[in-house]
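Chain nomenclature is as follows: A, B, C and D, assigned in order of appearance, with residue numbering initiated at 1 for each chain independently.
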Amino acid sequence: MQTTAATTAEEACFEAGIKFGTLYHQFAGTPVSPASASTLEDAIADAIENQPHCEAVSVTVRTDRLETALAEQSAEYTELTGKFFDVTMQIEYNGCRVQTQMTMDGDYPLMEIVAVESPTDDSS
Amino acid sequence: MQTTAATTAEEACFEAGIKFGTLYHQFAGTPVSPASASTLEDAIADAIENQPHCEAVSVTVRTDRLETALAEQSAEYTELTGKFFDVTMQIEYNGCRVQTQMTMDGDYPLMEIVAVESPTDDSS
Amino acid sequence: MQTTAATTAEEACFEAGIKFGTLYHQFAGTPVSPASASTLEDAIADAIENQPHCEAVSVTVRTDRLETALAEQSAEYTELTGKFFDVTMQIEYNGCRVQTQMTMDGDYPLMEIVAVESPTDDSS
Amino acid sequence: MQTTAATTAEEACFEAGIKFGTLYHQFAGTPVSPASASTLEDAIADAIENQPHCEAVSVTVRTDRLETALAEQSAEYTELTGKFFDVTMQIEYNGCRVQTQMTMDGDYPLMEIVAVESPTDDSS
């Protein structure tokens, strides 16, 4: 094993992960319905964009899946969880840009790095 | 001591309390700045109005207090906590209406019942 | 309609509701498995007992239901939600004691007042 | 700019970030006092260790800082926030190990990568 300090790209990916964990666990559990989906999307995006190095966040509540879930249960709202929203996020850290997304991978809300964009002359 | 089942007004007050605990602990910790205050206010109100017996919720982020706090610290955002927002909420349960509010009482965000309105002929 | 200030029992029920909303929305979403159920039960109870007027909290994570849910999904943990834990709570407010519980009512985690105990000579 | 897929070490750092965001925003806002600090430490560590690729989590509630804060306020508990706890965490992803920590950097709870350990013959 060799031990190193983190590269710029690794730091950028760490920052991206922080934003995803924040986004998910701050808002999971929020009472949500098709009628309240829109204001929740806006608030989540604006809240996370406050965090350092966060260039852009897009949140889409899956009202189609909400409606399916509500049709099968007694209450007229449910709690926000990963299957009910998709996220794309762009992080910028010291010239390195990381594109990320969260979508369902089977039954699991998978957070993943889509691409890492680094300045051409900076291999870190 | 005498033990009784809850009256309609007591149930209404219990429901009001549930909404306040939900509102506070779902959203406390959210990254917030003056620029993101408005969408957060809307999302909190819409989310809590999904819950049973909740007629109306009004949330006011205290951007004046946010600006004061941000001027004294290094980061350009902070975490939502009780001193940064006021709430009024109206609960309706089986004909009984409860008016509630949360405002700062010294250094503590005090949730309280403002008034209980019951049908005249129903003493419970 | 007649409008009144809250009685002692109504205040006690309001306080009970606050604790339930807090408990649920602070901890819903927590990663949980049968192996981590026990420390989570203890932490939830101890955290909520810090709040004013909260005499006793008992939390039981339903590891039987956790195991059933985990057997049907890909990940080896899930997020805490109402179907995975039962709660009983006792609130004491100015001589009035309120017994409460949360258990599943069909598919909905129902928070309810079990009994209100008031001093015999104080009808409020 | 050159665009690449993430390396193993970048994925490991992303996973580390997710765990930190989760830990912070799941538990920030929890009612805490010196008496309840110990069970909260255990529950946070056990909860986060459920997540994929999370080898070890250590949480230390700073009861010294809690006591100082409580001495200056009216309530006998406060809400968990970054200044009241330190964290170290070790992530393991496909043979790459990431050491991380959260401690106060002035007035900001800084989450950071301490070291990245990669297999010697695998430059990714």
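A few points about this structure:
As a working rule, a contact is a pair of C-beta atoms (placed from the backbone, for glycine too) under 8 Å apart; a residue touches a chain by one contact, two chains touch by 3 or more.
Per UniProt, the chains are A, B, C, D = Dihydroneopterin aldolase.
What you see is a predicted model; the values in this text were computed from it and never measured.
Counted by C-beta pairs in contact, the busier of A-C and B-C is B-C.
On superposing C-alpha atoms, the copy chain C (Dihydroneopterin aldolase) sits rotated by 180° relative to chain D (Dihydroneopterin aldolase), to the nearest 5.
In a homomeric contact, the two copies may use the same or different surfaces; for chain A (Dihydroneopterin aldolase) and chain D (Dihydroneopterin aldolase), over half of the interface residue numbers are shared, pointing to the same surface. If each chain is reduced to the centroid of its CA atoms, chain A (Dihydroneopterin aldolase) and chain C (Dihydroneopterin aldolase) end up 30 Å from each other.
Per-chain CA centroids place chain B (Dihydroneopterin aldolase) at a distance of 18 Å from chain C (Dihydroneopterin aldolase). Of all residues in chain D (Dihydroneopterin aldolase), those that touch two or more other chains are 22, 24-26, 29, 75. Residues 1-7, 9-11, 13-26, 97, 100, 111, 113, 115-120 of chain C (Dihydroneopterin aldolase) touch chain B (Dihydroneopterin aldolase) in their complex. Chain A (Dihydroneopterin aldolase) meets chain C (Dihydroneopterin aldolase) in the complex at residues 24-25, 28-29, 73-75, 79, 81, 106-108. Listing the residues of chain B (Dihydroneopterin aldolase) that touch chain A (Dihydroneopterin aldolase) in their complex gives 22, 26, 29-33, 35-36, 39-40, 42-52, 75-77.
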